[in-house]
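Two complexes follow with subunit A in common, the first pairing it with subunit B and the second with subunit C.
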Partner chain A sequence: MTNFIDYLLGGFSNGAVIALMALALVLVWRSTRMVNFAQVGQAMFTTYVALTIQQETGNWLLALVVAVGAGAVLGVIVFFLVIRPVKNSDSTGAIIATFGVLIALQAGAGMIWGGDPQGFIPPVDNAGLEFAGRIWPISLYDILVLSVTAALVIGLTLLFTKTSLGLSMRASAFNPEVARLSGVRVNRMLISGWAIAGATGAIGGVLIAPVSTISPNSFDILLVFAFTAAVIGGLDSLIGAVTFGIGTGLVISLVSGYSDSGNAPIIALVLLALNLLLKPDGVFGHHGARSV
Partner chain B sequence: MLETVDLCVSYGAVKALSGMNLTVPRGEVTAVIGANGAGKSTLMRTLAGLVTPQSGQVLFNGRSIAGNKPEDIVRNGLALVPEGRSTIPELTVEENLRLGGLWRDRSDRGASKNLVFDLFPILGERASMRADTLSGGERQQLAIGRALMSDPKCLLLDEPSLGLAPLIVTQILELVSRLAAETNLAVLLVEQNAVTALRVATTGVVLNLGEVVKSGPAHEISSDEELRHAYLGY
Partner chain C sequence: MKYVLPLTHPLLAVENVSITLSGLKILDDVSIGVPEGAVTGLIGPNGAGKTTVFNVMSGFLTPDEGSVRFDGKKLKHIKTHHLTKLGISRTLQGVGLFASLTALENVMLGGSARVKSGIVADSLGAPWADSAQNKLRAQAMEIMGEFGIADSADRYPGELPYPVQKRVAIARSLISDPKVLLLDEPAGGISASDMAELGRMIRSWTPERTVLLVEHHMELVMEVCDLIWVLDAGKVIASGTPEQVRTNPAVLAAYLGDDGGEH
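Right after this comes the complex of A and B.
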């Protein structure tokens, strides 16, 4: 039982990062109705940018802020350079093109920063906290990760529910034609979606880097988990992405604890397959939300 | 106010509108009637900027707007209530309304909102509910309300009777007609349901296969039996 609780607790911060990546996938889906498989590549790239800043200045917060900005810009660049030209003629082609972007980003990062895994120094201690006479599988850094994630989710929720930009973005996602007829500049909303997704993914990347290491391919596995969480959550639901992102983190932690961490991706894919068989609209999705 | 000059629209080889001339004056309802496929929806979509005409002009306040983007056209004061369920069901009633005039000053928006709530009090009562909980008639009121939030000088209504009980349609259209007279709003109403449309309209225009076959005072058109048999099917 103690093991079970430890494994569960240990999964939260990992789950939070998966939730952020899943959120990024959902944000892109809501604006463009496509899955951006380059999302983790973009996050990897901006995490290298953050790593460089941190190595130069030693300032973690500055590194995070620059990564967020770079993430937003990179999202917009990918959208304009690749997605928009391809998507006009072929929607499936655009999704495949995101794989191309992923590979290009990985190659680019390898050329700039080299292929060897590098460590990312956490801003606060990453050792398990001692409390009530034992060491718990939660560190100060885990608490920071969870706090940043919670703040971001609250911020995004407020953005979408309370602001004009958020309302325009939701309307553009649900019904672009009615949005345009209401005076919303839908194209700009779409670009905003890619920018916010890029920034969200960038935060996820910077947060996970100290726990794993960073190399051009180190986030690939994150894509599997984030995609699973986003799809099970319904692909267009922010709350679904967060819930199942954290849920996926917990499942991974339990599977890794009781068997082997190598089994986690397989379990994730099994869950994905079960979801598609039993509840193809996703748990939080609207009916038909996922059909293009 | 709103005028089309020799407006031609085709979808590939199919001509949907061939040389349409139409004038929509302020302060009254102009009804375009005709059977399915007469080109009514094409006309509305072209006026709102969703379809670009092959040739001809759309003049709004004397300025040519054909080929402008829909979001610019509505910001200039020409608002379309499209056919069918044109509300966004996932948003609340209040959000649907707010969406209609996001670019405007907050105080102007407030004034428009009060006007909409006066016109359709049910929307005020249901403001915080999701639009998909509304009945068909309430949803049509919401769609018109959203268009009014843009403070239009000209309102385009595409087939508002679709799927609604005749009594409700008449009620809604009479409200719109009164609004047109009171606020000097130009209204272009497109309908398959000719009886209801001609009852609230001042001018009627009969459209068939993309061409105007007849236009004149609404009461004259509704009493022209030959016209009714030939084009309106009743």
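Right after this comes the complex of A and C.
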């Protein structure tokens, strides 16, 4: 039982990062109705940017802020250079284009920062906290990760439900022509969606880097988990992405704890397959939300 | 009000517009004027090109020849999202509501172009962005109250009866305080009593607002319009007062030739 609780607790902070990546996928889906497989590549790239800032200045917060800005800018760049030209073609073209971006970013990062895994120093202690006579599998850093994630999720929810920008973004995603008739600048909303998604992914990257390491391919596995969480959550649901992002983190932790961490991706894919068989619209998805 | 054709200063007009889509001439040298402060009808058998005229006016389609004039100015490359700023608001066939937004949010969206807080202010949840949004919400609630649909504010369109959805769509067009309303078949799918109400509502907007109405229900068109244009197969075949149009032989021929499928 102690093992079970420990594995479960140990999964939360990982789950939070998966939730952030899933959120980024959902944000892009909401704005342009496509899955951005380059999302983790963008996050990897901006995490390298953050790493460089941290190595130069030793300031974690500055590194995070720069990564967020870089993430937003990179999202917009990818949108303009790659996505806009293929946006109106069939969805396969868009998927291939995002994979192309992923590969290009990984190659680019390898050329700039090299292929060897590098460590990222956490801003606070990452050792298990001692409390009530034992060491728990949750560190100060995990608490920081969870707090940042919670704040971001609350902020995004408020943005989408309480602001004019959020309203316009939701409308643009659903029916661009009608949104235009209501005076919404739809293209601006698509760009905003890609920028916010890029920034969200960047935060996820900076948060996970100290726990794993960073190399051009180190976030690939994160894509599998985040994609699973986003799809099970319904692809257009923020709350779905967060719930199943954290849920996926817990499942991975349990699977890794009881068997071998190498089994985790397989379990994720099994969950994905089960979801598609049993509830293809996703748990939080509206029916038809995924039809293009 | 009587309007003498040709109109000297129409508020909104298409001038000599021709458009060909996939080899078919949809509009052939069409000129239509909409006088300020009046209700103008645009009628014709199915496929006559009525909605195409709306699509040209709202920038969905760019004509091969001809132009759109508004308030005396020629509009080049109409950007659809600029229409509400110009003071032109369009409703769509059916309802065209956002299924994933509540009725209130649908109405608010119609006025959101006037809310100027900006992306950064919105993202940071700045207080002035918040107050602008609250003002918009209050305004939307007020209009919904006038339309008798305030109790449906937090429901999704799919949960509402069709006539209520129609009112939400019209409320969304009105919240931007437009000079011109382009109504595309507003009476489609509603009952006779709702239609009488709709007719009164449209009349009540004039002369402050100008209306261009595409509609199949002839009794509504004849009742509310000051001026009517008749399209058939992409050409204007008649225009005038309801009385003139009703007795025009070319109009009768166009409608009778349409398998009697029109109302």
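Throughout what follows, the second predicted complex is superposed on the first by the 289 of 292 C-alpha atoms of A that agree within 3 Å, B and C clash if a C-alpha of one lies under 4 Å from a C-alpha of the other, contacts with A are read in each partner's own complex, and residues count from 1 in each chain.
As a convention for this text, contacts are C-beta pairs under 8 Å (C-beta built on N, C-alpha and C of every residue); 3 or more make two chains touch, one makes a residue touch a chain.
Source: prediction; values computed, not measured.
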item	value
Simultaneous placement of subunit C and subunit B on subunit A, clash or fit	clash
Subunit B versus subunit C as contact partner of A:Gly155, first or second or both or neither	second
Subunit B versus subunit C as contact partner of A:Ile103, first or second or both or neither	neither
Which of subunit B and subunit C A:Glu177 touches, first, second, both or neither	both
Partner chain(s) touched by A:Ser192 [first = subunit B, second = subunit C, both, neither]	second
Partner chain(s) touched by A:Thr163 [first = subunit B, second = subunit C, both, neither]	second
Residue contacts with subunit A in the superposition, subunit B compared against subunit C	C
Footprint overlap on subunit A, comparing subunit B with subunit C	164, 167-168, 170-171, 174-175, 177-186, 286
Subunit C residues within the subunit A interface of the complex	58, 60, 80-85, 89-90, 92, 96, 98-101, 105, 108-110, 112-115, 117, 119, 122-123, 125, 129-130, 132-133, 136, 172, 176
Residues of subunit A that touch subunit C when the two form their complex	155, 158-159, 162-168, 170-171, 174-175, 177-186, 188, 192, 196, 286, 289
Residue ranges of subunit A in contact with subunit B within the complex	164, 167-168, 170-171, 174-175, 177-186, 286
Complex contacts: residues of subunit B adjacent to subunit A	48, 50, 69-71, 74-75, 79-80, 82, 86-91, 95, 98-103, 146, 150
